[in-house]
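For reference, the structure discussed in these notes is given below.
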């Protein structure tokens, strides 16, 4: 099992650092690229967790679509690429850091308290569980109504976005 | 009188109030009240002493040949604790306040140590009172000065007679206050008030130790009563760990009050006060309060520091270090009072070291003799500044005062010789007692430290005497002998410095000091009473004499050399020749560099530098650091973080002066911050409640 | 209404109210009449206080005396229940003494914008609230009096205060209100959760929190803690205090320091500890921690001050830290020390604020770098200031010492139950011993800042700008107002038993729950 | 492998995202931070799904991804709008909620 652990830690550290990069970077484009690292890391973690389909969806939609969307957003708002240190942050930076660290501490305490000793056991069945066939079946059988609702939502969002961004 | 000894401090307290409220209207501006009161106290103290001695001698008589028989065996008598009859201290008290479980008693205690201290304090205080009439004549705050002296005597006597630690603590703090008032007597000048502040704060730092120590001892022995505590400390059920902590804490108090190494820096600064005050408070009485505490609670230290085991302990080490540091520093001072101040530090180091090496009797005895000769020296210095140098204490402005001030000179000389420990002056006997105990009690290292210290003492005092009284007068005034109000106390003290040591002089079969004053009820039984060691005495005296000789040689020679030096320089200007003289000059330089350097040169200077920059720097730095830390805490922490957080939330509110509705800043992120913080807090609270 | 015991407390509470009504009726122009009425009212109140003092049964200080217990709001079972024991008595008398002194002090110099009518009416209203808080034995009644205090103080700072008064008063108001809100929630929680649904403090104390689960007690105690700790004020809830003190008029500062701060500590002793003992046990080490932080922190902040009044204000934070440390030990010893500390702090700090106010009146500045040489220009006042500084730094023989030293002493051996969530008696012991050492170090810092202040203000030569200014030494009305306080400082310092003997019995009854 | 590994990692991402949301001035960056938080949720869902061997978690992760896409679309549109109106993407200047 140690291979998984090693892989997990490498990816986890990379994700954590990149996450800090997202929220601390002084350059908007760099932040977006850090975000790509985090998202890719997540995809890798999904693969570790044998959720193959979700992993690829993550890569395609998140990295492929959403990040591109972000870059467009950056371009359109003509945000300056680089800012002097701290310009991108507001005045409650310190308080925010305290609150986030505090929250992280609280969450960690909770998690350790609640899930101490629970293990993720990997087996061959799991590979099947995360396969596209299995997931697809689940979506279109059990969760078909939510699926439709989400589709509607997406459509509405699309229309809404167009409506909002129109120049008149 | 033994039962009513509390009257003595009461007289002084009443005198304080009288002087404060009525002193100004009296012809002598209050001095007469003070002198009458202290005179009465002195008489009462003498009566107490006589009664106590009667009691002791009576008990000895009743026991039959108990004591004298043993004395006949020679000098190997073991302690009075085993041989002589145990005389219980006279303790009186009434409940001051009570608190459910515990009663706090205020009361008096009379035993040998107390009697001795009463005598010393009232005597020196009386002399200082008299002396001050001349010295402080025409002072801006003459009345206040006398009031403060009275208050000081009252608190010091209260400290001395206290039967319990709480009362001792009260007296202890009060003498600190008086010291503050008197050091800062001329508070118009900032250096004086600085010195006063420094003295108060440094001793108060030590008082933290006293407070903690008293509390620890209280909970260990379940009482504030000194007898109970001492009994507890020597009993088998004593908790060694607690006693150890208590000893360390109390040691801290001793270091603060008695100017021991690294809390000593306030004492030289305290010389900013009037000279009689320096004599009374900063030489003879208040500063020995720390040593008195050590003597008083000796069993606690005995057990806490395991003194009976020999070798090393904190008390002896600190005392020893203080001896050397103080003596070395005394070499480089130009201010005569500073020389004496460092000498006091060094001598207090002797007493503390004596306690550390198990020489209870030596410490008490040295306290006794030191009070006389050091007071004599200080008052002598005061006499000089009063009548010769116009309130300057700079030895560079003195010199050659032997002729115009014969009484001052002779008394000062006697004080010096006593301090240097030359036979048969007072200092010799007490110093020898300490050294002999250290030698015979497995503390040889400290014996050597003591010997070195004695030699250094002799040398720097020679320098001091030389600079002051010999050579040519270098000042710009007209030196003349002081008035009788000043010289009489000097003579009294000089006589005492001469003879006080004889009451405990083994070769003459006199052991009165031990007989009378070691009766304090419950000293450790294993304590060593040393045999008189002629060899050791000879070594110490010859070392001191040698040091005096060396120093005298050096200084008297320098006078000659000064002439030569001048010649050299002249000739260098004229001929650029006279190699012989020049060579001699180099030799002298070498001589000075090699021999004297070990004491006077780099070492003394380095230690002085270390003292002024490192230790004093640390002490001052702690003060400044505290202030700076305060500023930082206030500016950054209080105003920015704590208050800032509050203000951030309330700023719009408060500034707009409106109602609560304005708490809405309209900024989403602020809301989000509060939301998340609350979520975290509530989550944590729920969690704590669940596990609690 | 037949014997003195039955109506004494009611009278003590409502005489000032009547006096206030009278003051309001008298036309504004009749200034002397207004002043005399106000002074007489407060003196009558004091007379009642002396009567109470004479009639108090000193052998049963633990018992509630002078009790009045009448139905008040039957719907929520709130009763008009008054009574005093050994803990309330000293504070009650302190209040009754301070108020007339404040009125005398302000006799000739009312702060701008003058208007003695409104000022004195507010002082009397304040007295109603303060006395009421100390005698109330019903949570609702207590809460009402506790809040009554708030309003006059708010106006006093906001109207008669210094340049930054609006900010200070609103800060004070919001802070305290915030605490009170949580306190009220906790009161309601106690009401609904206790075995009998009652607001009666005596009954609830007798129940010792039985019926309320430990976890709930912890939460309820937290609510009470916030309410009281803000009033005390404990670190980190203290920030309103320096601003309020600095901006408040002299009399306001004196009342704030001498009495108002005690409402918080009194609340702890009277309500929080006996009613929620288990909650107190859990919170005790944390309260102790905040107390010692307050001691050191307050002292450090003092060292940074340039403004004399602000320095004294911060010294209150430090001193109240000692009081709270005594309370946090949950021992009768500590509580005795705390009550003594409250009285001593009231006398000493009240006195310091008086002097600071008088100096401000003379020099028109509180900036310590501009002051100096008070001993030269006004020697008597200089001596008084020095005396108060010495008392405040805890010099034995003066009152301050007996609040400080026993509190430090009690921290050596806290109640075995004061163990927080550590649940380990041994570690509690060492925690509190550490607090003891830190608190002892705090006394050095106290000496530091007070002497430093004294050096800058009192010693040295007067600064050139005030060399020619005529600095009047202590006035007659100042003497009248100050002498009782000065005497009190000395007398309580020499005879601490005067207070300890009164509080002792009551303190042990409060800590009964923690002694097992 | 302890499930806590994933959960704590996810908690960290969440808090980092929270910090970004609270402390960033630029609205595009705020949106990115929100993505970070959503991603943290996804990680949780998948981890639990694997642990309890139930595919529902993964399905929900897919839904979240979809909704995230929609949210970014709308979000960026709003940012564009703000930018157009205020000539700045800074959230500090949006305080119309102020009462």
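Chains: A, B, C and D, in written order; residue numbering restarts at 1 for each.
The definition used in the following text is that contacts are C-beta pairs under 8 Å (C-beta built on N, C-alpha and C of every residue); 3 or more make two chains touch, one makes a residue touch a chain.
A quick note: this is a predicted structure, and the numbers were derived from the prediction, not measured.
Enquirer: Considering only mean CA positions as chain centres, point out the chain farthest from chain D.
Expert: B
Enquirer: Let me have the rounded angstrom distance from the C-alpha centre of chain A over to the C-alpha centre of chain D, please.
Expert: 7
Enquirer: Approximately how many whole Å separate the CA-defined centres of chain C and chain D?
Expert: Their C-alpha centroids are separated by 51 Å.
Enquirer: Express in whole angstrom the distance between the two chain centres, defined as the mean CA positions of chain B and chain D.
Expert: The computed centroid separation for chain B versus chain D comes out at 71 Å.
Enquirer: Can you compute the centre-to-centre distance for chain A and chain C, using the mean CA position of each chain? Integer Å is fine.
Expert: Computed from C-alpha means, the inter-chain centre distance equals 56 Å.
Enquirer: Could you check chain D for residues that touch two or more other chains and list them?
Expert: 18, 22-23, 91-92
Enquirer: Note the residues in chain A that touch 2 or more other chains, in rising order.
Expert: Residues 90, 92, 95-96, 99-100, 103 of chain A each touch two or more of the other chains.
Enquirer: Multi-chain contacts only, two chains or more: what residues does chain C have there?
Expert: Not one residue of chain C touches more than one other chain, so the list is empty.
Enquirer: Check the chains against each other and report every pair that touches.
Expert: Those chain pairs satisfying the definition are A-B, A-D, B-C, B-D.
Enquirer: Considering the complex alone, what residue numbers of chain B touch chain A?
Expert: Chain B reaches chain A through residues 645, 648, 669-670, 673, 676-677, 679-680, 683-684, 687.
Enquirer: Would you mind writing out the residues of chain A in touch with chain D in their complex?
Expert: Touch list, chain A to chain D: 1, 4-5, 8, 12, 15-16, 19-20, 22-23, 28, 31-32, 35, 38-39, 42, 45-46, 49-51, 53-54, 57-58, 61-62, 65-66, 69-70, 72-74, 76-79, 87-90, 92-93, 95-97, 99-101, 103-104, 107-108, 111-112, 115-122, 125-126, 129-130, 134-135, 138-139, 142-143, 146-147, 150, 153-154, 157-158, 160-162, 164-165, 167.
Enquirer: Which residues of chain A touch chain B in their complex?
Expert: The contact residues of chain A facing chain B are 90, 92, 95-96, 99-100, 102-103, 106, 109-110, 113.
Enquirer: Please output the residues of chain C touching chain B within their complex, sorted ascending.
Expert: Within the complex, chain C touches chain B at residues 166-167, 170-171, 174-175, 214-216, 218-219, 222, 236, 239, 282, 297, 299-305, 332-333, 336, 373, 375-376, 390, 395-397, 401, 405-406, 408-409, 412-413, 421, 436-437, 440-441, 443-445, 447-449, 451-452, 455, 458-461, 495-497, 500-501, 504, 507-508.
Enquirer: So in the complex, the part of chain D that touches chain A is made up of which residues?
Expert: 1-9, 11-20, 22-29, 31-33, 35-36, 39, 42-43, 46-47, 49-51, 53-56, 58-59, 61-63, 65-74, 76-81, 83-84, 89, 91-92
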